[in-house]
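We call the chains A, B, C, D and E, going by the order they appear; numbering starts again at 1 in every chain.
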Amino acid sequence: MLAVNNIEVVFNDVILVLRGLNLTAERGKITALLGANGAGKSTTLKAIAGLLGSEDGEVSRGDIVYNGMNITQMPPEQRVRNGTFLVMEGRGIVQDMTVIENLRLGAFTQPQKNVAEDMDKVFNYFPRLRERTGLAGYLSGGEQQMLAIGRALMARPDLIMMDEPSMGLSPLLVKEVFGIIKRMNQELGISVLLVEQNANMALRAADYGYIMENGKIVLDGTAEELMNNEDVKEFYLGGGGNERKSFKNIKSFKRRKRWL
Amino acid sequence: MSHVPHPRPCGDFRTSYSADTSLFRTKVEGWTVYLGIFALLFTPLFFNDFYISQMILIGIYAIAALGLNVLVGFTGQISLGHSAFFGFGAFASAWLNNTTGIPVFICIPLAGLMTTAIGMIFGIPAARLKGLYLAIATLASQFILQDFFSRADWFSGGAYGSAAEVVNFLGIDLDTDTKYFYLVLFWVVVSFLAVSNLRRSRDGRALVAVRDHYLSAEIMGINLTRYRIMSFGVSSFFAGLGGALYAHYLQYVSVEGFTILLSIQFLAMIIIGGLGSVSGSLLGAIFILLLPQFMEEVASSAAMVFEGIEQSKAYIKEMSVGAVIILFLIFEPEGLIHRWRLIRASWKLYPFSH
Amino acid sequence: EDSVFVGHLVDYTGPTSFVSKFYGPGVRDAVDYINSTGGIDGTKIEMETIDYAYKVPQAIANYKKWKSKGMIALQGWGTGDTEALISFVAKDQVPVWSASYSGHLTDPTGKNPKTKKPAPYNFFYGPSYTDACRALVQWAAGDAKEKGLSNPKFVHTGDNHPYPNAPKEGCAEYATELGLEVLPPVVVPLGPGDFKAQCLTIKESGANYAYVGNLGGSVISLLKSCNTVGADVTYMGNVWAGDYLTIQAAEAKDYVFPTATPFWDAAADGMALVYKIADDSGFSKDAKPTHHYIRGVCSAYYMKEAMEWAKANGGLTGENIKKGMYVNQNWTPKGLEGVCLPSSWSPEDHRGSTVVSINKGSFEDGAVNIERIAEMTLPRRDDWVGY
Amino acid sequence: MNWDLLFQLMINGIIVGLLYGVVAMCFVLIYKSTQVVNFAQGEFLVLGAWVCWFFVMKWQLPFVLAFIFAMGFMTIFGILVQMVILRPLIGEPIISVIMVTIGLSIFMQALMNWVFGNSAERFPSVFGDETVSIGGLQVETAYLMSLVLSLFVMGLFYYFFKFSRYGLAMRATAFNQQVAQSLGISVKQVFAMAWAISALVSCIAGVVLGLVNAVSNSLAIIGIKVFPAVIVGGLDSIVGAVIGGVIIGLLENLAEFFDGQFFHIGNMYTVAPFYVLIIILMIRPYGLFGTKDIERI
Amino acid sequence: MLLEAKGINLRFGGIRALTDVSFSVRKGEVFSIIGPNGAGKTSMLNCISGRYKPQEGEIVYNGKSLIGRSINDRAALGIGRTFQNLALFSHMSVLDNIMVGRHHLLKNNFFTGMLYWIGGARKEELKHRRDVEDIIDFLEIQHVRNEPAGTLSYGLRKRVELARAIAINPDLILLDEPMAGMNLEEKEDMARYILDLNEELGVTVVMIEHDMGVVMDISNRVMVLDFGKKIAEGLPDEVMENEHVKHAYLGEEDELLHDEEAEAIAL
């Protein structure tokens, strides 16, 4: 449903961040995009959502095709109407609005009549949001994350892109959030493009995965394949087999990734 | 102020920390500036009085704009009252000299210090106010000081203004543009050096830190109140210095010179030059000062071609000034200095960006 | 000499543009006409007109620029800038004919102890602001007697600015002398606005006669606001505050103001030359100029005749031109008889004229009616010179 | 103590203040949705007045029609300004955007001087020169109309921001343009709308002022004059803007009263509000009704 | 005892962010605070660094009470800190960011700074610059030292924040989720830095972290907060076994994922 073909992204006309990136996300599937810090994952998602403009960045080569449409130059709001939705890194909650107002904002592209129904749905997924009546800026990190996902649901998207949804969440909530992502995917048939640092969780939830380094995809495969790949185990999952190395005993030498 | 990489050309490796903290990023850049100053020493030989007078005004405005850049560019506090401090310096210097007889040459920096004190008093709200609230509070200082000038006969001569004596340096009256030019050049060099130095030392860094993230700056040990008020002080010092130079150049000080319009012009200088950039202050002053002159020429030529717009010349000029500011910001919202950096960056990185 | 350089300050865009856009062209067109009819005995007057928007620093900067171009005379504008330039022009020996009629410009020697700065190179055509105001109070005193007011009160209104301030003290002293009660002045900004608050103060203070120190939009606003508030006061404008445009826009009733020339369609001998000057310049006919235009013409012509004398008596220098102003007594420039009042300047006294015509204007049935109600000739008192 | 005068001045203050409030609302509207401080607000207002004047005087349209045309003109003008000048600056540092509005104000001021001249022009009397007596103070009917109008517009704005979808979108845009875009909000549209509404309301205020004081370019200083009103009320509060306006109007008149009656300093009228402004801000750094920034670390 | 908090109560309007929390940190240990989102962990750090003023309670550091002291004094006392949501000076270079940490150690001021060459500012700046370079070497961020901090990737920014906190010369360092948003490799690096800091430089560490693997492995003691109340404190293993903690924070079984996977996640 989404195909990113060989795109390059440049910031400020000079800084080349993505250099020929290819990936596809299948309908109804969860696709994971993994990679080190600074690899360009967030940039990829912003490129798909059309949000590079406000950071002085642009897609300088290649194209992005969504449902057969070339959306490379489409304005961001049009993309939302077409059914893609990005839950941004850092969540992007409007701090000086209440939970309800944030949710209503999520439904900006939807007819008013859906709002009440969808809001119920969201509260159904995230019951604890119902009780938070103050400004969203005072919610704790986990609650903000829930709100961000809930807000995405309000837009009734076909494809949700999530940028590190587990960041800063407690283990319990990480599970909960991934559970909900899975549920959304299964119950509502929403496709998901997931950017994660928590490779363990992400690959378990995903159907297909990509690993990127330095603005390029270096490895891809089904989640299964990736989980069994020795390199992935070594660098993303924490050692081969079930033996986890203790953080205490890490040697002070730098290792190199093999595919670089 | 956006994120532009600061590449150095290959082969320019720094071998000591002192080289790494030098004023100029490359040797070439350093020599260009030294040569430029050296060349300026001889300009009066080649240019007529009109150009000299323009350079004097550019220098004076650049000093004041530099001060504003410390406040707005470094510390991130918008001020709409800079011209009032500029004016205060002007009146203070004239007043000091007229009442105490201290030589004007010395009154000029003293006026800067007096303005520092006033600036810090009017900077007190900065300890509590942020963003536009502060900006409007500075607008209030503009009007309050302006009112003070037009009322305080003992200090400013009231609505009539007061005379400012000619600068006398070692027995020489600096009463021609050529002579005054050197005085201004001296202070321009001193001021720009001082602010460049400030930028690379403790307190200058602290100011920028306050701008970028005041909450964490405070936790890093920076006393917010002190630095916010001090940045008003420093900025006012340069405003006062510039004002004093202005007063003794025109030899007359009048409250009308220091309205909100001038404050806005100062802001325009630093925004168009480049916020937070020392050299940008100079570029901005040049731009804003020459723009109306240039547009005057344009309008005059237009008036020659099209009949009957002679009377409207002034409006055409003003309109073009507004239009150029708008166009400039549309195409280069981050200032002249930013454009220059981008050019430099792409030129040095090409073809291996990153 | 082929040409001499003269500076010309105007305010076409600033707060006094309301009148400058008539006075300025008056000077400009007169000089053009002088040039087209042979100049100063063959010497052309090269005059640069600069719009300084009524900003003193701008005026001084321009003065300095002109000085370096060898300016020998200046057609000035505002009170602020003219007073600021007093010492400059004295030092540089550049005679100035300003449009500021500030009394402070009339003491060339500084013999009046109240004079701050002697102004030997400053001239203007017409009575000073203070003298005009004195004439108005004198008229008011008579008017009050006629109406049977027992304790007439006088108030000065205007911005805290050199131009409205110029006659403040001198006029108030004379008013007291004449037995009027002088109220604390009311500050009214020089730009237009809603001045009901000020009008309420005026109304409550019980003032009978208010001197209007501002001009243009400010005066219009003041008259309108005060009319709404219902203040029963006779407003007496200064020379710049009275013309048909102001009266029309303010829908004024019985508005009193002084003049120093006839109005545009007056039947005076000299008006022929004025029409000729305006015609030649292509001064748009529908923009029926206010009489401020005529004072501009007079100002230029006094300068012209002084220059002619200078050229014939030692050359066109600032000093000689100044002397040229003293040669005749009670003189009117040739061709402007009945337009410019006969004036006299002397090295001790720069009050060209102390004759003040007083007019009353009203806006009635969509038309402006102005009638002359008095002509006062003030004594040339020594304690009034420069003040 | 002259109680009568004090009373009348206070009524005058409230009425003038309400007008400041309307202009202040235009500011707040643009600020709230785009974070832009519009320095050209005063010029917008004057342009509206001139255009209406032009329709009445030159085209001889009946006043009401001219007024409606002028509002339409200004709406389009607002959108155009936004499209041509502000749109390219979306996402740029806010101070550059502010500077652009300053450039715009310089441009418009000169343009209007050129086209409409720089003298004051009278509106033909629409409501006659009718005045109504309130508490002994004669008040122009036009002012009273503006009072009603401003309360109405205020209510409308309040509803708009609190409940309408576009109101929410505007607030979100002000919070963070990127976030707003990610939610499917067209930042361009929101900006255009904010400027259109603001220009329209400015037009109303301009015409009212023009009716009472004659139209002239110097009316634009009201654009600067309402800064204190906006700040006293709190930058992002519609209600605050109106209350701020009234406070400033009252202050001006009280200053005039005390000055005229007791101090005789002169010019207190223009400066006093600024002293009070600083005092209010020292006590309440976000004005009376402004929302505090959320500062978490 | 380097740090002692006694009976801390913190309220925001009606919200009780911290209720009667007491704990103490020994010199030289790594002390972790864990707990669900919104439990008040960050608020606790904010009380120590002075951002929040608890309504009740006492915080004693090195024998001195911290209550009532201004925020900026604490750097000089030797309390360094990193932040949950990056709080770098994003337009300043990495080097300048770290130099800001030296603020309280530097003596030059506006005046001497402007004179620079005269009055010793230059000498002092260079001296501290050398120290800062050591920190940069330690954290291996040499390659970005001249980049504006705002352009760095998330992981590097976290490292720069740590560098800035170290530049304070702290005795106590407060780390708010130092590993959030990092991949495994980067977490390992970060863990190494924290351990080196603790073991070699003897800095006491108070750390908030959600990655249980990290918490278990490198901390000496753990405190658990839930809804602003302390629900457990002790050795890492003890705390992990605590039923209350499991329930509130770790989560027991998972309906969606298999047991072993759930365990892998808990790591």
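Just so we're on the same page, a residue touches a chain if its C-beta (ideal position, glycine included) is under 8 Å from a C-beta of that chain, and two chains touch if they have at least 3 such contacts.
What you are looking at is a predicted structure, and each value in this text was computed from that prediction instead of being measured.
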For this session: Mind listing the chains that sit against chain D and also against chain E?
Result: A, B
For this session: Give the chain pair, either A-D or B-D, that is connected by more C-beta contacts.
Result: B-D
Problem set entry | Chain centre separation in whole Å, for chain D relative to chain A (CA means) | 44
For this session: Averaged over CA atoms, how far is the centre of chain B from the centre of chain C? Could you give it in whole Å?
Result: 39
Exercise. In whole angstrom, how far does the Cα centroid of chain C sit from the Cα centroid of chain D?
Worked result: 37
Seminar exercise, completed: Note: chain E sits from chain A at a C-alpha centroid distance in Å of 27
Exercise. Using the touch rule from the top of the page, what residues of chain D touch 2 or more other chains?
Worked result: 110, 113, 266-267, 270, 296-297
Problem set entry | Residue numbers of chain E (touch at least two other chains) | 51, 83-85, 87, 151
For this session: Could you list which residues of chain A touch at least two other chains?
Result: 15, 56, 138
Problem set entry | Contacting chain pairs - touch in the sense defined above | A-B, A-D, A-E, B-C, B-D, B-E, C-D, D-E
Seminar exercise, completed: Interface with chain C, chain B side, in the complex: residues 48-50, 53, 57, 150-151, 158-161, 163, 177, 246, 250-252, 254, 256-257, 311, 314-315, 318
Exercise. Which residues, counting only chain E, touch chain B once they are in their complex?
Worked result: 49-51, 70-76, 81, 83, 87-93, 96, 99-104, 106-110, 112-116, 121-122, 125-126, 129-130, 133, 146-148, 150-151, 164, 168
Problem set entry | Residue numbers on chain B that touch chain A, as the complex places them | 2-5, 342, 345-346, 349, 353-354
Problem set entry | Contacting residues of chain A [partner chain D, same complex] | 49-51, 53-56, 75-77, 79-81, 85-86, 88, 92, 94-97, 101, 104-106, 108-109, 112, 135, 137-138, 151, 155
Exercise. What part of chain D is in contact with chain B in the complex they form?
Worked result: 31, 37, 39, 85, 88-89, 92-93, 95-97, 99-100, 102-111, 113-114, 224, 227-228, 230-231, 235, 265-267, 270-271, 274-275, 277-278, 281-282, 285-287, 290, 293, 295, 297
